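As written, the chain order gives the labels A, B, C, D, E and F, with residue 1 at the start of each chain.
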Amino acid sequence: MVEQHVQHANGVVGQVDGQVVPRYAGLTTFARLPRLQDVGPHDVAVVGVPFDSGVTYRPGARFGPSAIREASRLLRPYNPALDVLPFQDAQVVDAGDIACNPFDIPQALDQIQAGVAALVGEGKPFVILGGDHTVALPSLRAVREAHGPVALVHFDAHLDTWDTYFGAPCTHGTPFRRASEEGLVVKGRSAHVGIRGSLYDRRDLLDDEELGFTVVHCRDIERLGADGVVDRVLERVGDARVYVSIDIDVLDPAFAPATGTPEAGGMTSRELLAVLRGMRALPIVGAGVGEVSPAYDHAQITAIAAANVAYELVTIMADGARS
Amino acid sequence: MVEQHVQHANGVVGQVDGQVVPRYAGLTTFARLPRLQDVGPHDVAVVGVPFDSGVTYRPGARFGPSAIREASRLLRPYNPALDVLPFQDAQVVDAGDIACNPFDIPQALDQIQAGVAALVGEGKPFVILGGDHTVALPSLRAVREAHGPVALVHFDAHLDTWDTYFGAPCTHGTPFRRASEEGLVVKGRSAHVGIRGSLYDRRDLLDDEELGFTVVHCRDIERLGADGVVDRVLERVGDARVYVSIDIDVLDPAFAPATGTPEAGGMTSRELLAVLRGMRALPIVGAGVGEVSPAYDHAQITAIAAANVAYELVTIMADGARS
Amino acid sequence: MVEQHVQHANGVVGQVDGQVVPRYAGLTTFARLPRLQDVGPHDVAVVGVPFDSGVTYRPGARFGPSAIREASRLLRPYNPALDVLPFQDAQVVDAGDIACNPFDIPQALDQIQAGVAALVGEGKPFVILGGDHTVALPSLRAVREAHGPVALVHFDAHLDTWDTYFGAPCTHGTPFRRASEEGLVVKGRSAHVGIRGSLYDRRDLLDDEELGFTVVHCRDIERLGADGVVDRVLERVGDARVYVSIDIDVLDPAFAPATGTPEAGGMTSRELLAVLRGMRALPIVGAGVGEVSPAYDHAQITAIAAANVAYELVTIMADGARS
Amino acid sequence: MVEQHVQHANGVVGQVDGQVVPRYAGLTTFARLPRLQDVGPHDVAVVGVPFDSGVTYRPGARFGPSAIREASRLLRPYNPALDVLPFQDAQVVDAGDIACNPFDIPQALDQIQAGVAALVGEGKPFVILGGDHTVALPSLRAVREAHGPVALVHFDAHLDTWDTYFGAPCTHGTPFRRASEEGLVVKGRSAHVGIRGSLYDRRDLLDDEELGFTVVHCRDIERLGADGVVDRVLERVGDARVYVSIDIDVLDPAFAPATGTPEAGGMTSRELLAVLRGMRALPIVGAGVGEVSPAYDHAQITAIAAANVAYELVTIMADGARS
Amino acid sequence: MVEQHVQHANGVVGQVDGQVVPRYAGLTTFARLPRLQDVGPHDVAVVGVPFDSGVTYRPGARFGPSAIREASRLLRPYNPALDVLPFQDAQVVDAGDIACNPFDIPQALDQIQAGVAALVGEGKPFVILGGDHTVALPSLRAVREAHGPVALVHFDAHLDTWDTYFGAPCTHGTPFRRASEEGLVVKGRSAHVGIRGSLYDRRDLLDDEELGFTVVHCRDIERLGADGVVDRVLERVGDARVYVSIDIDVLDPAFAPATGTPEAGGMTSRELLAVLRGMRALPIVGAGVGEVSPAYDHAQITAIAAANVAYELVTIMADGARS
Amino acid sequence: MVEQHVQHANGVVGQVDGQVVPRYAGLTTFARLPRLQDVGPHDVAVVGVPFDSGVTYRPGARFGPSAIREASRLLRPYNPALDVLPFQDAQVVDAGDIACNPFDIPQALDQIQAGVAALVGEGKPFVILGGDHTVALPSLRAVREAHGPVALVHFDAHLDTWDTYFGAPCTHGTPFRRASEEGLVVKGRSAHVGIRGSLYDRRDLLDDEELGFTVVHCRDIERLGADGVVDRVLERVGDARVYVSIDIDVLDPAFAPATGTPEAGGMTSRELLAVLRGMRALPIVGAGVGEVSPAYDHAQITAIAAANVAYELVTIMADGARS
């Protein structure tokens, strides 16, 4: 009953050994990796933020970290698309969940920021398993402390640069307006990818541009293809440090039914994974994938997509940590 | 496409006529009744409170009113168990939903109280379709304004008399502690029915008793039967005015899977309906049924149970309005 | 509890204000628009036809209008892909459901035709939320009365030009054979898009051609792309008035699982939305989207797709109404 | 790949041998019994009637026979509660499905009657797997031909003695009014068991009584228990030949979620099975179980209940055939 | 992100504090208890056995331990029905899962026996989260080593005393025949509770009796009530040490849809919990609850029932450990 | 109730006539074709292999054949994409299921091989409905007996050329390593299509190449398109006889949620069908489609895809049989 993690020659503690413990067995950490407290210093951390009090439609993303972890049991140690052994090349850990107050958004933001800051330390990369997209704001605040402003690459059906909703300044529809106002992101180097669906007003797009973002509309991905999207992103980001924030609703409801505000006409998971892989050379200092609301999931479709998205991000970070 | 409600000889506007418009057709009001604004003065109002920001585990009850209304399409005009024609004997209306802020619990409480107060007026009875159980507090506040303190008959797996949760005084676990403290309920005349499951501490039960409640434990219903429960309730309530608050999780998860904090070993829907019918002689001035979280519902099991619960309550109120 | 629709300066009554009433709250009209009877003259009507007695396999589309409306709560007032504010530029209304007899197809056809005719009047555009595809026939009959024969652009996995099924001339497999025979559609200007799956015989395709239709097979969309499909449609239609009939099974079961006769290998929702937007310049006088059978839907995947399809159609009609 | 049915010493062909072919394997006949055409004369027939064009709310019972058969794979050859080996004591067969027209109720009634008559012949007992409850009427017509009028024991949430619905005389809400009018059932010897839920009018119950039925209300079963219900049924039926018609909605939605018109507060499957076993001494000449709409079923809850109900009926018939 | 377990004054480490970390947050151990390796000596262990290679119908119980743990997040520290604080009165731990070979039943049996033996040591009580019922055999073997033969109280729809299935001596249908043959259970002191459904032959019951068991048939529980069942069990067991083995299919499919071989007409969860509580005075040395196949679960109905069953067992063990 | 198969002029017995028996009616053979034993010599056989004891993650494919057959009710006699009438041009039959031991993999392999060999005889083509991918090995063994080594075209997310898992040499992860070792496939003429997801090590790909396979990675299909994949396959295969083995997980979880080891980023069903059609000129001597685990299926998405895949394969075989 002792967990039997692979011990690599370089001192890294890897996944629970799939040849000893079946992948459906054992406690559920991300990718069956060791817990933060069970190893020495880590290189890359995966951390859950079970918070959904900022959601405007379907709630439930509080159960997202648990569902993504459960779906991540299927992940193996070698990423052939990037030719990287992420759990061997770097010490990747599951840092558990950041506990935050479901009844007090401002307090929760502080708790999340503190939790992320503790992981980042002097600048270690991390991947957040959300949680609704409100969590991107405190995460970016923590990142700014360590790295200064970053280029944001934001995959989402929605801009998330609305101002307030029912008077609340910090919800899952507003993090990137706040981030721009607070100087957390580099204006002119940040982009939204996969935007689609109806908006409240023409001003939504104009405001967004003024806040420093550009948009790769989902309807253009039909023609651009994943390669074209990568080109657009790389050009936009330039040489800035990058934060990648992924709302799983960037995928079509067919690929991600279990999310808070689904929009028809989205990306395929194959496209999203390809775009992420195309960003492998970027200095990604932090990332998050969220808005998985498992009560709406069937056969783990959404959670599996999210787990694989997290895996690509971790791979890039682990590869960067090795360099 | 004009809705064709039955026009009764006594001036009452009834349901959309099921012999003209199939029950699966037409816009979704409770029991296909007219909207508040489409008729003159009403006798009994059904109103939704789509609020779930006070929930501590599975959210989603914000979609409860919509789901209960959809399930209420099956309700017909004659209640044979009580021998009442509720939609003919009284003007029952669907008052729509009370809009309330999902990001600010205190403001939401005020909005709900105001909304209920507007319906109650000088003392008209009403049934709330919740929403999480937080909504019972502002509802009781509005009732007190019209009626003074009332006897509470509370069907639930949980006491809902905890103090705070994450520092928040008003959540779905605390409404009846607040109600007791504020003098909204008559101590010694109020009861919880169906209580079961694990608690935080022995003090939970002691505190509850000090707050003025008694408990009919669900494990005792196995022996008491519905008749025995009715006896206990009637004895407790005496001649006080009554508020009935039903958390659908009083039913076993088999009968109400779609709820926020399910507990095994609950009541059957047949028992619950029987107990409610046994309370027909009581002066019920207000009631609510909630904690239906439709994302967890299958084949509308939970919503149908809730719709029938509401129907019994409306029937008793309509019968009382006629008297 | 009064519904708070946005009142535009041009006199148009828009959606319930999403900044006042959360989108999950309030009674369920399409896109939270006003009911027909609650405003003055309308420009574009959305109307449900909850009828599925013509279905040959999975029934349940009688619940389709209700499910599409519920999914349409997510629609906002600005359509950025077409740069139109449909609910401000025109008075769009929800006309409720057309009541029709589930046990008598001929009578139901008459009821549907009369219901649509009442909406169309002198030629107002409308979008039907089905219902099975049988409803296209009475709809086209009503359209012919106002507009004469129209070019049909028909998105579907199936031709729907079969002759009879179990002796019945009017089912969901036959509307367009009847329409061609009755002169409701312009031969040589009508097209099916998305056709795939097995047929009964080689004659099915030959008959269809003789009835005046051409086919864009779904397998060719793999190469044509959405742009290529648009070119084919525009060329075919020419300058005729257009009726757009969409069986949601034109989408792959991944994008529309909840339908009566699903076929593998279909369109994506991104492709379908792109093709519809490409038709924006056409004079679309009527449209329908149907065959949503909610009992088979998970997380509203199908209903959300259908609601967005309806939104694009309404947008084009509203834009045309403004011109 | 040849099916390997057990060949009993008495010449009876039993189930596919569960020790040779796993129960999840092989083609799906009821209880893995032989098809009618694969054996000689039969004693008891199970036959599907995939018809749901008479349904007033949720359709889908056309898939009921297939779902019940799939769930019946779990049935084994010995019924310990009745101490009978039904598939050894009698030749029980699966007679397949009666094909009937989904678009023409009168023709379908004739097809069903003819199909049942062919099975009954000189008086062989049979169990119908429905299908909506409309099918009870043609079944009773066929039974009358062979046996004369019979006592009806009808398990249902609903009386099914309404007159017409949308002008149609034969739907799933009317079979027993028609049966009474046509003299198919013995007045004064017939009963409804499990009735509950709202009705259209007080007259519904009065009419029902005039048609010759008595009612065991579901709310009374709480006190009567299964034994009390058996007493009531046996007393009512007397020594008449019996037809047992079971609408699966007699069970609570917890036990039978997948049905067309669910009503809260129903029987448990344990109660229903006990009542049926209590009727073992009755001369049951025909029976049916239906209204299983599998699109609403989860984990086969409803279909398993229906399969077990059919198994008890077959057991009683097989036991009677042996005597 | 450090887990914050409650530290009791008596040195016991309790659950993660629900006032600090929301119950939906944090890694998923049973009842949010500490892991075996994170505390000192334990009093009661909960351990998963994710094994389902012995199942004859629906597989999937390999995911059972994970699902039961997820459902156990709702458990709180005080059990009011037994007036015990199980996680304070004793050191209860989650010992993780016993890894076992899915492709080699004999090897898996050895692995399970060794895993349980390591937990039991000199005689510590434990609760297994299964896993299919095959796991009861190696568990009983380990128990015999520490305690000698025990009285078995077995809750199940099935006897599980069949001989072989497809030639395999150890499957989920055979553990208690093997256990009787091997002298693991005390003949004459062991009982099955909740037995129902069809059998292969009359001999099944006779064999079972010869193996030393008695049967409380589920159909008799209708009359016995939970109290009557308790009387029968206590009388049977006498003063022997007890092993409690619970196949969740002892519950009706309404209460436990997600199981391998469901049978209609089962116990309610309220009855099962009551019977277990009635056994509180017995010296229960080991127990298991299994056959939860989560792919068939909806809204965690089955997993919640299983988690509560395990909670009662742990409570009794913790109470006994204190004594 | 007699099944009414179409009798073609060429003596072939076709499907049950869809104009006489509705497609949802009648016993469930593949595509409503006759059973093997009900016709004379066959040309093409479809056979189920309900076996899933070799699965490493989600089990349940034992129910796959039944689910695929149920979904195949929708298949009609004419395949327009290939312009073939498969059920008229050749005698296609449903050969039922091959019974095999769930508890003994080696015995099951022998049973499957024998079952397939009996169908193949002197070389008749066949399509297996799986079952997990373990079944490909005995199938290839049977094919080698009749045809010698074949070119394998393998559609899958996974290579299935791992060596052992928990010591077992024959599981669903290893069939093609064994096949290569045993000389069942032609090295240098075999290919995997659709490979994606994480691996255990870099060696996985190297080993695979040494075993004689080449890989069309799924990430390349984004650029290659279906036509490009066809080119790669045709070039690789050359003029060898071909065995096509399809793990339904080659499709993205959106298109095939119900499978044992899902991987994000897969093929669409439109692509897969197009590639299969592009292989129509190849001499396909045997094929299989499997890994459909219905407990995870929603609205039959996966089973419908699998049924259509089988239909294309049968069409090609029937077309070849005619030549």
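Keep in mind that, in the parts below, a contact is a pair of C-beta atoms (placed from the backbone, for glycine too) under 8 Å apart; a residue touches a chain by one contact, two chains touch by 3 or more.
Just so it is clear, the model here is predicted, and its values are computed rather than measured.
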Chains contacting each of chain B and chain C, listed by label: A, D
Reference chain C; chain at largest CA-centroid distance: E
Repeat of the D-F interface, chosen from B-C, E-F or A-B (over half of contact pairs identical by residue number): B-C
From chain D, the most remote chain by mean C-alpha position: A
Between chain A and chain E, centroid-to-centroid distance (C-alpha), Å: 39
Interchain centroid distance [CA atoms averaged], chain B/chain D, Å: 37
Where chain A and chain D are represented by their mean Cα positions, the distance between them in whole Å: 54
Shared interface positions of chain C, touching two or more other chains: 22, 24, 56, 62-63, 102, 165-166, 252, 254-255, 268, 296, 298
Chain contact topology (line, ring, star, complete or other): other
All chain pairs that touch each other: A-B, A-C, A-E, A-F, B-C, B-D, B-E, C-D, C-F, D-E, D-F, E-F
Complex contacts: residues of chain A adjacent to chain F: 18-19, 22-24, 73-81, 83, 85, 225-227, 252, 254-255, 268-271, 273-274, 277, 298-301, 304-305, 307-309, 311
Chain F-facing residues of chain E, complex: 52-54, 56, 58-60, 62-63, 101-105, 107, 165-168, 171, 293, 295-296
Chain B-facing residues of chain C, complex: 1-4, 20-22, 24-29, 35-37, 47-48, 50, 62-63, 65-66, 70, 94-99, 102, 115, 118-119
In the complex, chain F residues that touch chain A: 56-57, 165-166, 196-202, 204-205, 217-219, 221-223, 252-255, 257-258, 261-266, 268, 296-298
